[in-house]
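Presented sequentially are two complexes of subunit A, the first with subunit B as partner and the second with subunit C.
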Partner chain A sequence: MPTSPDVTPLHPSPLLHAIGLVKVFHASGGREVRAVDGVGFSIGTGEVLGIVGESGSGKSTIARMVLRLIEPSAGRIMFAGQDITALGDEAMRRLRGDMQIVFQNPHSALNGRRTIGEAIAEPLRVQTIARGAALHARVDRLLDLVSLPRAFRHRYPHELSGGQKQRVCIARALALEPRFLVLDEPTSALDVSVQAQILDVLGELRRELSLTYLFISHNLAVVRTLCDRVLVMSQGRVVEEGPVAAVFANPSQAYTRTLLDSVPRLPRI
Partner chain B sequence: MALPDASPALADAPPTFRMRHATTIRQWRLYAHLFSRSFSSMLGLALVALFLVLAAFGPWLAPYPGDTAGAVKLSQRLLAPSFAHPFGTDEMGADLLSRVIVGTRISLWIGLIITVVGAGIGVPLGIVAGYTKSRLLRGAIMRLTDLFLAVPGLALALAIVAALGPGIANCIAALALVWWPGYVRLVEAKTLSVKEELFVEASRAAGARTPWILWHHILPNCLSPIIVKLSMDMGLAVLSAASLGFIGLGAKPPDPEWGAMISVARSYMPDWWWYSAFPGLAIFLTVLGFNLLGDGLRDILDPRSSGR
Partner chain C sequence: MNALLAIEDYHLAIPTFDGPAQVLNGIDLALDAGETLGIVGESGCGKTVLARTILGIGPGRAACTGGRILFEGRDVAAFSERDWRGIRGVKISMIFQDPMTYLNPLFTIGRQLGDAIAAHARAQGAPRPGRAERRTRAAELLAQVALREPQRALDSYPHQLSGGMRQRVLIALALSGKPRLLIADEPTTALDVTVQAQVLRLLRDLVDRLRLTVVMISHDVGAIAALTERIAVMYAGNVVEEGPTTRVLARPLHPYTRGLLAALPAIDGEIRRLAGVPGTIPSLIDPPTGCRFHPRCSRATAICAAERPAMRRADPAHSVACHHADLS
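This part shows the complex of A and B:
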C-alpha cells in the first residue's frame, strides 16, 4: 500500500485511510474558502471514529469527500488498501456498495414522490443486485432490520415521523450490505427522545453486521457513547485526536476544552 | 448476523390494490376535494370536458354532418340563428353549428400536438441544461433558448410557415418548433433546485447513474409545473393555430377550422355577425377553459404559488 512517509496509520491495516485531505471552495468574487485543510486520519475495521467540531469546521465536507460525493482538491483516500481518489466513475460506482452514508436531515434525504419501498430498493436496483420477488424479500428484511413494519413499503415519506424516516435512510444505506458507513449527524435533526432510539439502532447494527462507522456530530454526549476514537476539528483542521475517554477526560487543546465546556449541564440537586 | 429470513407468506394475504395504493388514493381524493371547491377550476374543467366530448364525437353530434365539408346550399345562405340553425348559416348555406362542432377536433389536435411536441423538445433540454456540470453545454442550450424567446413566437412561426408553405401540417410544425423554449426555462430552473436536494446525493451515493437520477428523481419533481404549463399552453396553442388560420397560413377555408372560418367571416361583418361570432366564441371558450383548468391545477399541485 503506497502511503506517504510522513503519515503513520494508527492501525496496521485500516479500512479507511485519509491522507492530507484539502477542499477549497471557490466563493463568489474569486475568494477561496479552505473548508478542509490538510486532514488525515484512519479508521480500523470495526472501529467507530467520531469527528466533532462546531458548524463550519469542515465535518460534513469530510464526510462527502471520503465517499467522493465531492472531489477533494488535494489528498488521497485509501479504502481497503485501494486508492479510491483516482478511481474512474464506473469503478467508483461499484465500490459504493461497500461504503454508504446516512445524512443529517432525513426529511430531505427521501424523495417525496417515491414510496418507502422504492427508496429502500433503489440501491439494489441501481447496482442490479436484485429484482422481482428477491428484491421484495430484501426490502422486507431491511425494514425488519430497522424495526419498521413491512406495510410501510407502500407509504410516502410525508406520512412518517422524523425518526421513522431516519430508519428508512439507515435501511437504504444498509441495502447493499456495506462494510463502512458514514453517519453525518444522523440524529441532530430529530427530537431528543428519538435520538436515543436511532443511536440504539446504530449501535445494534454495528454489532450485528460488524460495521465500521465514521460518525460526524457536534453533540459531544452522542460521540462519547458511540465512538471509540475522536477527531476534534476547528476551521478545517484537526486540533486534537485520540481515544474518546482520553480526549474527554483530559483535553490537551484549548479549543477542545472550550467545546467541552460549552455543553450545558444541569445543576446537580 | 441476526437477520430474520424474509417470509412473504407471513400470516397476511398479499395486500390488495386499495391497500397498496391507499396513500395515492387519499392524495387524489384530496386533490379532487380542493379542486371542486373552486368555482373557476370546475368551470374550466367543464369547458375542457365539453370540448373534449365535441372533439371525440363531433361528426355524430353535428346536426348537419354533410355541411362540414363545404356543402353548397345557396337557398339558405347567411340565415340568422334560428331553431333549425342555432348558430345560423354561412355564405355557402352550411350550418355553422355543425362546422363549429366538427372544427373542435382539428383545433384540439393542433393544440395537443403543438404542446406535446414543444414539451417533448423543451423538457429534456431543460433537464440536461439544469443538471449538467458542463458550463458550455448549459450555456449553449440556454442561449439558444433566449434567442428563440427574444423573437415573438407567432412572428417566428409565421416566417416558418411562409417558408414551408401554408397548410395545417406546416402550421403545426412551425408552432411546435417555436413552442419549446418556455419549457426549457421552466424545467431548467426547477432542475437547478431539485438537483441540490439531499435525495439526489443519496441516490448518487448508492451508485445511481445520471439517467436513473434524471428519470426517477429530477423529472417526477418537475412534473407539477410541467402539467400546469401544458394545460395553460393548450389554450394558447389553439389560439395561435387559429391566428395562423385567420391570416390564411393555417387551415384552408373549406376545412371547418375556427380561425379559417373567422377569416372568411370577417368580410361579412357586422351585418351577418353570427358568422364570425360563434367560431370566435368557440375559440374564446376553449382558451378560457384550458386557462382556468391550468390555474386550478396550479392551485392544487403547487399550493405555495397561490398564497393559500
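This part shows the complex of A and C:
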C-alpha cells in the first residue's frame, strides 16, 4: 500500500493541490482517530477527480478540509497556486466565491422557510454581488442552467422532489461562478433515474462552464461515469490512484479489486 | 396447489389532507414455497407499503379498497391480533434496512435472541427453554449466519458490533422461528459495498441451504438480481412487469424497466452517457389516467392516457402491462 504523503502532480499547474493532509479527531477517553492520514493529490483545471471509499475511509473529511470547512491537523492546500492553508477568515470568504460545495442530502441543505429564489440568491447577497433586477436575472439564469422552470423561484423546498432540490443546491453552488466544485455524494440520496439526470447535468455544466470537480462517492459505478481520475481510499489513506479507465479495468491493489468485485453485476444485456 | 402467498388485485389507499393517495393500485403477485421474488422500484412506488401490508404492519390509517392478500390460503385481513402473534416472526419474518434501529441497544445480542427463542417456544406451546438451552440455540443461530466468534457476540451490545454484524444478527433473529416466508426490505442498502456483497452471499447461501421462500424489496436491481429468481418491477403503485430475473433484465419489455436499466451506471464495459427517465414520479393523490407511466413515456399514445394496460404475457413466465410492448 503506497503511503507516501505526497503524490507528484500530474499537471504542470494544478488548480488544486493537496499535500500531506492529516486530520486527527479526538475521541472520548483521549483516543486519537486519524481520519485522514497523509493524503496528497492534485486536480488539473477542468478535470474531475473522484475519491471513492467505504464509510470511515476519510473521503468526506477530505472534502471538508479542501474548502477549510474543517481545519487540517497537518498538510497544505494550494488553490490556483496560492497556499490557502493559513488564510484568514476574510480572505477565505472572498475565495469561497471560487470554490463551492454540494452536499449529499438536498432535503436538509435547503431552508424550508425560504423560497427557491431566495436560496439561490443567498450567496449573491452575502457577497454583495448583485441586487434588484440584476439579482433577479442572475437567479433566472441559474435556474436555466440546471434545467428548472423559472417559476420555481416562488416555490418552497417541500414542493420539490429530491432531484429538483439537488438541482437547486447545484444552482446555489454555481451562483458565484466558482471554478471549483466539491461534490460530496451528490446523488446518494436520489433514485437511480434521478441520479442519471443529475450526473448528466453535472457533466454538461462542467463542459459549458469549464468547471473542475472533486467528486466524493461510495458508488464506484457513479465515479466511473463522471470522473477522469480516481483516488481509492481506505482507513484514511490512499490505496490506489489513476485514470478511471485503467483503475477499473485493471486495479493494481487487492483492496480496489475487492471493492470492484463487491458490486453486484447485472446479467449482460 | 395453492400458492404460499397470493396477492389478488390488491388496492390500498392512505388518507391525506389532499385526499386519498392510491398507493397500491391493483397488485397481482403469487409466490409458491421455495420461490424467491424481488420487488424493485424507486421511492414512492409502493414496494415497502406492500411488504409491510403482507405482514399486517402497513400504515395505520391505510384502507384496503379492493382485492385481498392470501397467506397459506387465508385472507390476512381476517387475522386477529392473536392470529398475527402466531404468524409474525413465526411463519412470516422480516428483515429491515437499518440494522441498528431494530435491535434494542440496552440488551445483549444473546438476551435478544434468547427472548425470540423463548417466544417461539411459547407460540408452539412448548415449555420455556432454560437459560443454557437458549444460549446454545442462540449460538447456533449466529453460527448459521456465519458470524465470527458467536460466543463473544452473544455477550455484546448492538453498538459493539459493525453494521454488517448487526444485519447478520437480524437475519438470525428472523430465521429463529423457521419462517415459511422471509420478507427482506432493502436488507443491504445501509451497508458498505464489501459488506453488502457478504450479506448477499449469506442470504443466497441460506436460501439454498434452508430452501427459504423470500420476497426481497429493493431499489437496487443489482442486489435483487444477486438473490432472486423472479423479479417484479413496480411503478406508482402498479406492477408493470414481472418475470424470471435474468429474462427481465436481458429483455426488458416495459418502457419504465428499460429506463431504469438505462439509468444504471455500469462498473465495467463501455462508459456511456446515462439516460435518466425524464420527468418525476406522479402524485398518487391525483395519478395520471390510464397507464400511470404515460406522462413520462416516449412511446405513449392516446390509448395510454385513456385505458389502463392489462398484464399481458410475453411467454408463460414473463408478463408486462404496456399497450405498446412488443410481445413477439
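One rule holds in what follows: the second predicted complex is superposed on the first by the 260 of 269 C-alpha atoms of A that agree within 3 Å, B and C clash if a C-alpha of one lies under 4 Å from a C-alpha of the other, contacts with A are read in each partner's own complex, and residues count from 1 in each chain.
Methods note: a residue touches a chain if its C-beta (ideal position, glycine included) is under 8 Å from a C-beta of that chain, and two chains touch if they have at least 3 such contacts.
What you are looking at is a predicted structure, and each value in this text was computed from that prediction instead of being measured.
**Q** After lining both complexes up on subunit A, report clash or fit for subunit B versus subunit C.
**A** Overlaying the two structures gives subunit B and subunit C room side by side.
**Q** Given the touch rule stated above, what does A:34 touch, subunit B (first), subunit C (second), both, or neither?
**A** neither
**Q** Between subunit B (first) and subunit C (second), which does A:221 come into contact with in this model arrangement: first, second, both, or neither?
**A** It touches subunit C, and subunit B stays clear.
**Q** Does the superposition put A:258 against subunit B (first), subunit C (second), both, or neither?
**A** In the superposed model, A:258 contacts subunit C only, not subunit B.
**Q** Can A:94 be said to touch subunit B (first), subunit C (second), both, or neither?
**A** So A:94 only meets subunit B here.
**Q** May I ask you to decide whether A:196 touches subunit B, subunit C, both, or neither, giving the answer as first, second, both or neither?
**A** In the superposition, A:196 contacts subunit C only.
**Q** Let me test your reading of the model: by the given contact rule, A:164 touches which partner, first (subunit B), second (subunit C), both or neither?
**A** Only subunit C is touched by A:164; subunit B is not.
**Q** On the chain A superposition, what angle, as a multiple of 10 degrees, is formed at subunit A by the C-alpha centres of subunit B and subunit C?
**A** Once the structures are overlaid on A, subunit A sees subunit B and subunit C at 80 degrees.
**Q** Mind working out whether A:237 is in touch with subunit B, subunit C, both or neither, as first, second, both or neither?
**A** neither
**Q** Under the stated touch criterion, which partner chain does A:248 make contact with: subunit B (first), subunit C (second), both, or neither?
**A** In the superposition, A:248 touches subunit C alone.
**Q** So after superposition, what is the minimum Cα distance from subunit B to subunit C, given in Å?
**A** The answer is 9 Å, the least C-alpha separation in the overlay.
**Q** Which residues form the common part of the subunit A surface touched by subunit B and by subunit C?
**A** none
**Q** Mind pulling up the subunit A residues that touch subunit B in the complex?
**A** 64, 67, 69, 93-94, 96-97, 100-101, 103, 105, 108-115, 122-123, 126-127, 133, 136-138, 140-141, 144-145, 150-151, 154-156, 159, 169, 172, 175-176, 208-209
**Q** Subunit A touches which residues of subunit C in the complex?
**A** 42-43, 192-194, 196-197, 200, 219-223, 225-226, 245-246, 249-250, 259-268, 271, 273-278, 280-281
**Q** Provide the residue numbers of subunit B that touch subunit A in the complex, in ascending order.
**A** Contact set of subunit B toward subunit A: 1-6, 8, 10, 15, 19-23, 197-199, 201-209, 212, 216-217, 220-221.
**Q** Can you check the complex and tell me which residues of subunit A touch subunit C?
**A** Subunit A reaches subunit C through residues 54-55, 161-164, 191-197, 199-200, 203, 218-222, 224-225, 244-245, 248-249, 258-269.
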